[in-house]
Amino acid sequence: MSDTIGAVMLAVGILFNLAGCLGMVRLPDVYNRLQAATKCVTLGTCLVLGAVAVLTAGQSAAIALRGALCIVFIVITSPTAAHALARGAHASGVKLWEGSVADAYAADGEPGAAREETE
Amino acid sequence: MNDPHAKEGMSLIVKTVTRWLKGFLLLYGAYIVLYGHLTPGGGFAGGVIVACAFILVFLACGAGIGHRTLGRLAASELDSAGALIFTAVGALGIALGGVFFRNFIRTPPEAHFRLLSSGVIPVCNIAIGLKVGTSLFMVLAILSAVHVAVKGGRRRMVRRREDKS
Amino acid sequence: MMRRLALFLLCFAVWIVLVWPPRDETGALRLADLSAGALAALLAAAVMREFTFEKTRGLLDPRRYLWLAAYGVVLLFYIVKANFDVAYRVLHPAMPIRPGIVKVRTSLRSASAITALANSITLTPGTLTVEATADGWLYVHWIHVTTTDPEEAARHIVSRFEWFISRIFA
Amino acid sequence: MPETIYNLACGALLVCCGMCLYRIGLGPTAPDRAVAIDILGIVVVCFTALLSLRTGLSYYLNIGIAWAILSFVGTIALAKHLEGKGFDE
């Protein structure tokens, strides 16, 4: 029973990983790529770690506990890294895709960025 | 003291996540160093993670708070302490066993695969972890504060703040 | 002092997770591992001077942990929904996207609460936080913009988490 | 049967790595490459989880956590560079 659940979780997780990477290849600009990649790969990796925990549940609790630690770490850091990259991309002057409908961040003059133009 | 809205460093979100995580990064580095003789890792790998904890603070909050967490003087002294401990272990090997780095701490066979085992290896790991952790942090701090400039036909490393030309 | 104590206890708990199991084959406590953990947690609590917690008052309130558990379930539901949404948009041959950056307003003020809200928004359907200012404006990249009005957008993006987070980070 | 599952999963993850490398190679702007590097780091954590499943040894996940830490710090450094700031400000 737990083998079936684990195998299904593993398969779904890897399919999400594939979808995220495919989104990174197909979507048109860096912000959309971040959207697809961050969400899908984060959930995919968490599902794979969970599947490993379920599949080895009979052998040792150590794998499950370390997997849980890893999941918590990834869920906290991955959106933060995505936010930092999006902000960095906007500050470095990457334009939104031409099909975009609004850019309130640029319209407000990037508040909080506090860049002084030196050179 | 801990003002997340200061202009220095990166955005509010990165600063807050750094505040949440840095203690655990340091703890994890210490774990990798202390269990280097039982699991993958060891002095260098754990030292890199310890350095990462300080580097994350340095990147997210700026150099001021980064150096308040681990100052330049403390870093260089810990660096030297690591090197001295490592050499002292080797020298004690000569003094007690006649060979450089001779294992002079005997552990009984029933202690194998426990934390307190494998002789002088954990001591060496701790020394290497100290050395690598602090000196990698200093590498980043120094390289971010200086740059290469041409002065009088020669290339020199100069401090960025003093180089207004 | 209390904040250092809280960080020490949390670090010690993480250490116990790392060196699991805490008892060896004979059933005795592995004292060497646990005391090494105490030393390492002491180091982490002593060195990291800018603290992990903003304040310790109310840290033992059990209601906050109940809200945290409930919030975890809600967040998990939205994360799964987000993934099917994004996978649909990526795999659809025509890629039905209509991206843009909108700004929304939140009533949360503490740095931890704003961060938790921003990370939750990043993990949920079609939205990615680009910037969060300290006075409560969030700039959100939205993969399928339906409105650019801050009030209307806030009802779509923010309101489903704000209520929980204001209780967890009270 | 577990052997087949393991091989299939590793193959699929290699395809993911290939797509990340495609984006690293052809990404028109620097932030595109940074995104792909970040994602590659998380995919490697998946590999360590699979290794731990295959061998039944828990310490492969230690490597996974360490990899996630290094990947996060590296991404933050890249983002700070993209923002146009020096590392010490």
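Going in written order, the chains are labelled A, B, C and D, and every chain counts its residues from 1.
Keep in mind that, in the parts below, a contact is a pair of C-beta atoms (placed from the backbone, for glycine too) under 8 Å apart; a residue touches a chain by one contact, two chains touch by 3 or more.
Computed from a predicted model, the values in this text were never measured in an experiment.
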Pair with more cross-chain C-beta pairs in contact, given B-C and B-D: B-C
Chain centre separation (chain A, chain B; CA means) in Å: 29
Intercentroid distance (Cα basis), chain D paired with chain B, Å: 24
Separation of mean Cα positions, chain C and chain A [Å, integer]: 14
Shared-contact residues (touching 2 or more other chains) in chain D: 62, 65, 69, 72, 76, 79-80, 83, 85
Multi-chain contact residues (two or more partners), chain B: 10-14, 17, 20, 28
Overlap residues in chain C, where contacts from two or more other chains coincide: 14, 18, 118-119, 129, 131-134
All touching chain pairs, where touch follows the definition stated at the start: A-B, A-C, A-D, B-C, B-D
Of all residues in chain C, those that touch chain B in their complex: 7, 10-11, 14-15, 18-19, 30, 32-33, 36, 40-41, 43-45, 47-52, 111-112, 114-115, 118-119, 129, 131-134
Contact footprint of chain D on chain B as seen in their complex: 8-10, 14, 25, 28, 32, 39-41, 45, 48-49, 52, 55-56, 58-60, 62-63, 66, 140-141, 143-145, 160
Residues of chain A that touch chain B when the two form their complex: 73, 76-77, 80, 83-84, 87, 112, 114
Residue ranges of chain C in contact with chain A within the complex: 14, 17-18, 20-21, 79-80, 82-83, 86-87, 89-91, 95, 97-103, 118-119, 122-123, 126-134, 137, 139, 141, 143, 145, 148
Complex interface listing, chain D residues touching chain B: 59, 62-63, 65-66, 69-70, 72-73, 76-77, 79-80, 83, 85-89
